[in-house]
Amino acid sequence: MPGSTFGTALRLTTAGESHGPANVAILDGVPPGLELSEEDLQADLDRRRPGQSKITTQRKESDRAQILSGVFEGRTTGTAIAILVPNEDQRSRDYGNLRETYRPGHADYTYDAKYGRRDHRGGGRSSARETVVRVAAGAIAKKLLSELWGVRIVGYVKSVADVDAEIPAPEEVTLEQVESNIVRCPDPKAAERMIERIEEARRDLDSLGGVAELVASGVPPGWGEPVFDKLKSDFGRGLFSLPAVLGVEYGSGFGAARLRGSENNDVFEPAEEAVSKTGVPTAAGAAGRPPVRTATNRHGGMLGGISSGMPIVLRCAVKPTSSLAREQRTVQRDGAATTVATKGRHDPCLLPRFIPMGEAMVALVLADHGLRQLTVEAAAQRLMEKATGEE
Amino acid sequence: MPGSTFGTALRLTTAGESHGPANVAILDGVPPGLELSEEDLQADLDRRRPGQSKITTQRKESDRAQILSGVFEGRTTGTAIAILVPNEDQRSRDYGNLRETYRPGHADYTYDAKYGRRDHRGGGRSSARETVVRVAAGAIAKKLLSELWGVRIVGYVKSVADVDAEIPAPEEVTLEQVESNIVRCPDPKAAERMIERIEEARRDLDSLGGVAELVASGVPPGWGEPVFDKLKSDFGRGLFSLPAVLGVEYGSGFGAARLRGSENNDVFEPAEEAVSKTGVPTAAGAAGRPPVRTATNRHGGMLGGISSGMPIVLRCAVKPTSSLAREQRTVQRDGAATTVATKGRHDPCLLPRFIPMGEAMVALVLADHGLRQLTVEAAAQRLMEKATGEE
Amino acid sequence: MPGSTFGTALRLTTAGESHGPANVAILDGVPPGLELSEEDLQADLDRRRPGQSKITTQRKESDRAQILSGVFEGRTTGTAIAILVPNEDQRSRDYGNLRETYRPGHADYTYDAKYGRRDHRGGGRSSARETVVRVAAGAIAKKLLSELWGVRIVGYVKSVADVDAEIPAPEEVTLEQVESNIVRCPDPKAAERMIERIEEARRDLDSLGGVAELVASGVPPGWGEPVFDKLKSDFGRGLFSLPAVLGVEYGSGFGAARLRGSENNDVFEPAEEAVSKTGVPTAAGAAGRPPVRTATNRHGGMLGGISSGMPIVLRCAVKPTSSLAREQRTVQRDGAATTVATKGRHDPCLLPRFIPMGEAMVALVLADHGLRQLTVEAAAQRLMEKATGEE
Amino acid sequence: MPGSTFGTALRLTTAGESHGPANVAILDGVPPGLELSEEDLQADLDRRRPGQSKITTQRKESDRAQILSGVFEGRTTGTAIAILVPNEDQRSRDYGNLRETYRPGHADYTYDAKYGRRDHRGGGRSSARETVVRVAAGAIAKKLLSELWGVRIVGYVKSVADVDAEIPAPEEVTLEQVESNIVRCPDPKAAERMIERIEEARRDLDSLGGVAELVASGVPPGWGEPVFDKLKSDFGRGLFSLPAVLGVEYGSGFGAARLRGSENNDVFEPAEEAVSKTGVPTAAGAAGRPPVRTATNRHGGMLGGISSGMPIVLRCAVKPTSSLAREQRTVQRDGAATTVATKGRHDPCLLPRFIPMGEAMVALVLADHGLRQLTVEAAAQRLMEKATGEE
């Protein structure tokens, strides 16, 4: 039972390795009629692209996505969309020494244990290279979310090492603010210090971790399916499926563990209008019930795992890059002790390039659940009309 | 696209509400030949049962699980196992006032937004009552893990509010230590203070959150499927699907965000024998490669989302109970402001009863992936034998 | 990877054996607001019930379904519906001799080969007894289809042995006509002869096969998903999953193999109004395109595996009951040759009781796809409105 | 909920249209260590290729498959395999007149009803062109089946129009016999008449249907999962998912409907050795039970939907090509009556090129279930050893 497929109503399947000819995605379930071109995918691909700044890896990839199906005369047809991103800069000679050696912190050993063999070049399938097609597919999910429900997704770096950004209102952060600096942190002072720390770490032949915050605004209430496909469950699955993520939380997160209920609960209050002004009637709206909001958002936009209409706020702990240019102790396939230093190109801190990856997974989860909820609402509305004889 | 099904090779489907006649689970994929009786489910059900101590809810349920299929003459047949747990203490009159009122922190509002209607009695499907059949199914998964691979799962309370337990070696904590006190914390001094804090909070008509740590020992290397069904992804999905979980992390978790790579990486070293002494040859083992271990376990037993053979260590942030006996501001279905105080029975701190729930989800994820890996290993071994002409 | 789950948007999971305490189903994905009680399930359960006439098995079961969840105050809540049907007449002593003997035509041997063990009583999980909860779930699917889209499903016996019914217009056959005789054939003359043949076969300690025809009227055009979840694929999977089905065809079926294209094609012609008068706008309807029909219906209501709006007409070949009261040669588990005669109760011809089973699977497939298409249509309509600025 | 994914343990996802740049498949779940190159896919692609003989369409495609991932140094790695087949001969100008016209027997109208728009060029996604990547993936499944279990799959044309082949022993037909003539019928006399009939039909601007027979030998007993993923269910789904298939049957099929039980049952008899000499111990074999066979094979190799070890024999009814060079009445998108004659290239009879498609689906279903059963057997064996203390 393999694991390269994600989602239910919007289903992404991927294939590809770090140093094979290409990475490929099939995105199935995009509704018909969405205006779409390869250009729509490029902005996020450029944000994920290696070599984009002095604090990222210097691998050279143009990362131009080709759409091979599912789009006709500029709009989606409703059928499966195939996306291909060629690998260009496959300097696999860099990896010759890794054929027999397990890099600490990488999946070299675990892939070998699992399969008994592996493509050792750049980590093969375990490389973050595979996220390139996730980001492409995520860009489609974002566009769909925007067109259908006015949902907006923005991610940014919340902390690097011990430098914390101050973000008073997560839902107000704009893409422009995020993209205004190379570390993708909307707090300019913190950004400066983060960049310094990253350069410092690189000089030390070391690497840094950090926290990414991902925010979705405009999500209507009612998304998520009890009891296993809760919105928070699928965010958990999607975000943990990204390389280097060691922790995921939303709302007050681990901080809630130290609070009392009276401190952590968000009280409800009447709302002038729906918090997410999407014009989409929820099942509750269709039933003639007024909108509701919470006074605070410690619940991070989800209650019982279902969206509340308040902004969804998630955070990921991203570990420091495992590849280090310094020598580390390790073992070889034959069991002999050795040392390894990564000569290849790698990021001294994954966070800046993680942001589009995190956003992509959030978008894929939300678009999936938005489409799923369409069925519930359309059916519920018809049954309600039947019941009340309005038809 | 509904969401009451979990798992691939071992697939759990549940149904049931807090105040309906019963909760039901179908567990499909348990291999034939496992010795199994209703007694095997009872120990964990008793650990989850309401009314078990002074610091839990006083709802009275005997929580006796009935096995309705899939077991014949004391052993599983390989076909689907149906489990039924009747609800006995359905004092739904306690909930009459909640028909029109949204409790803060609960899913009352979001279910209404989703479905346009809801069973308001005790939260209906959103109640933690539904976890009773997860715990029953988890007990089967645990037994399977133990029989097939010698895997052992233990969970415990790591912190309540500001009280932190000291657990020097997570993988050495025993069930006996955990069960030696009513708060399920293996550090007896911390346990005492936790209990005090909980009683204090209850007196204040308030509630407390905390952190649960879940440890699986003996998991062979190689479990987990790239790239979306990584072991960590499925733990993320499974644990976030539990009520009240606001955060999940493993290994160094959010702490890794503040470390350097040289501090966070675990170096590999030769191992005398496989860390998990299961006698199960992994694909690597079958290929004649020697066992490997890491000197430390900041990676929490997973690299690239695949088990490394080292103990798997996960943590969940559990929010303070949302139900409070004190008045909280909220709104009604008709939009009018009101207040609500939970008169019903509820836990002042969810942690002690959360432990068996968390263990159950860890067991369900692991048993699923253990079975999935059987296919990979059996096929890989046959192909290897073919290739080397050993057959 | 077990196999007791069926469907995507409407997902049925079942468990239970012939002689265990009960059969259980969980039906997940029924939208909120459908009026539903246990009575709604009973009519079809009575049509499937053993002992209903002189030409069926005499096993005694009241087959009363209990709904354990998902319904509140007479309407569905949108959450999973659990259904339990107790087994009452478990005369398992009848089966003592089958512990070691493989009955010809049954799954005794193949279950043993698969699992290495089996519940031999009445076939265990392989018994047609498990269809009792499919029929209960199918009754819910039928009601949903009727309420949401006006779809009507009727099945009947088309042939028994060499007796063929004449059915000039399949879509006009009514439930009343079908239920007017115990063999469920709407051609009264053929029915009479079928009953004679069945009684004759029983006197000969033998059994008869036949063909069931299943018709769904009012299905809107556009249901079915390329390329693997075509409507015809899912009918194929669903109907072949029923015991004793050796063949499935639709429209001109195997007859088409002998025709020329000019004889088999159905020409399109303008339609006054949509063939299926459901009031449901399809994506095409929403795009302002006029309805279309075909002059004939050799395509059986599906083109490219997607519904055309014409009646869906399917046929199943049902083999003669494998259980025979006469001696048949066979072998024992230990490999020794022996003979076996079924002393237990069994149907001399499965067809009359097969009809509600076949209808249930057709209903489950259609309700699943109807719900799936709601998402496509709701999303397509919104995107179309955006594109044309109608909003 | 889209439908471009097939299988559980071996999971195929496809994308692509008749006249887009390429068709793409991702095959996930192929175990590590299978020797594989693009050459392995070519033989079957050549059998499916247009323009291969005078009785097929003259569209020119070289149909060279590129493997983009999942293979390293000549062997599979265990990770997802991406396959790309470019479309070369996209004479879409042939289809300009079809933009507004619904071809009888095609999916033009139903796609329009479903999606509100469509890629009209050559049928877009509904074209049989999409099967090119199924055939490529099927070739991998065949190789896997052969290497792991010695399973052999052969298909052939059983009838065209009124010409029936005589095939005394389906399981003895060889690929060489099948490929000895352009119609792929192993009965040379029948083959000659079939070719005449097809040429005749083409001269008449007409087309012919027929029946394909698909045989799998060497399948061990025990494959298939109760109760919905029976082997016969998945064959039903897989074969009906192919274009033009109007009927599927196995064993005595629709013929069984006219037989008595005593005529249709296959009696069991002791076997010298397992019918399928695969050397693979089934669960039964592991339990020390002797092999069993049936004296006849009217059950077509499946009992209770689970393989019996006897040859699996399936038949598909394939309708006459819907595209005709003669004028046919139809309607336009705007509802106006018109006529259409297919000017493009098409097959006068689909059967010769259908054979590799049918074989591919049979192979994909079997490889999926073979891998699924590996888990059952490996787990059952370990539990049995535990129970009997053999370990």
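The first chain written gets the first letter, and so on, giving A, B, C and D; residue counts start at 1 in each chain.
The rule is simple: a residue touches a chain if its C-beta (ideal position, glycine included) is under 8 Å from a C-beta of that chain, and two chains touch if they have at least 3 such contacts.
Being a predicted model, the structure only gives us computed values, none of them experimental.
J.: Matching B-C on over half of contact pairs, by residue number: which of A-C, B-D or A-D?
T.: Copy of the B-C interface among the listed pairs: A-D.
J.: So which one's got more C-beta contacts, A-D or C-D?
T.: Between the chain pairs A-D and C-D, C-D carries more contacts.
J.: So what's the Cα centroid distance for chain A and chain C, whole Å?
T.: Comparing mean C-alpha positions, chain C is 42 Å from chain A.
J.: Please tell me the distance, in whole Å, between the geometric centres of chain C and chain D computed from their C-alpha atoms.
T.: Once rounded, the distance between the two centres reads 25 Å.
J.: Just curious, how far off is chain D from chain A if you go by their C-alpha centres, in Å?
T.: 38
J.: I need the residues of chain D touching at least two other chains; which ones are they?
T.: 1-5, 8-9, 14, 32-33, 75, 78-79, 114-117, 125, 226, 283, 372, 375-376, 380, 384
J.: If you look only at chain D, which of its residues touch chain A in the complex?
T.: Listed in rising order, the residues of chain D that touch chain A are 1-5, 8-11, 13-17, 20-24, 26, 28-29, 32-33, 66, 68-70, 72, 75, 77-82, 84, 114-119, 124-125.
J.: For chain C, which residues count as touching chain A in their complex?
T.: Residue positions touching the partner: 1, 8-9, 31-35, 75, 78-79, 147-148, 226, 279, 283, 371-372, 374-380, 382-384, 386-387, 391.
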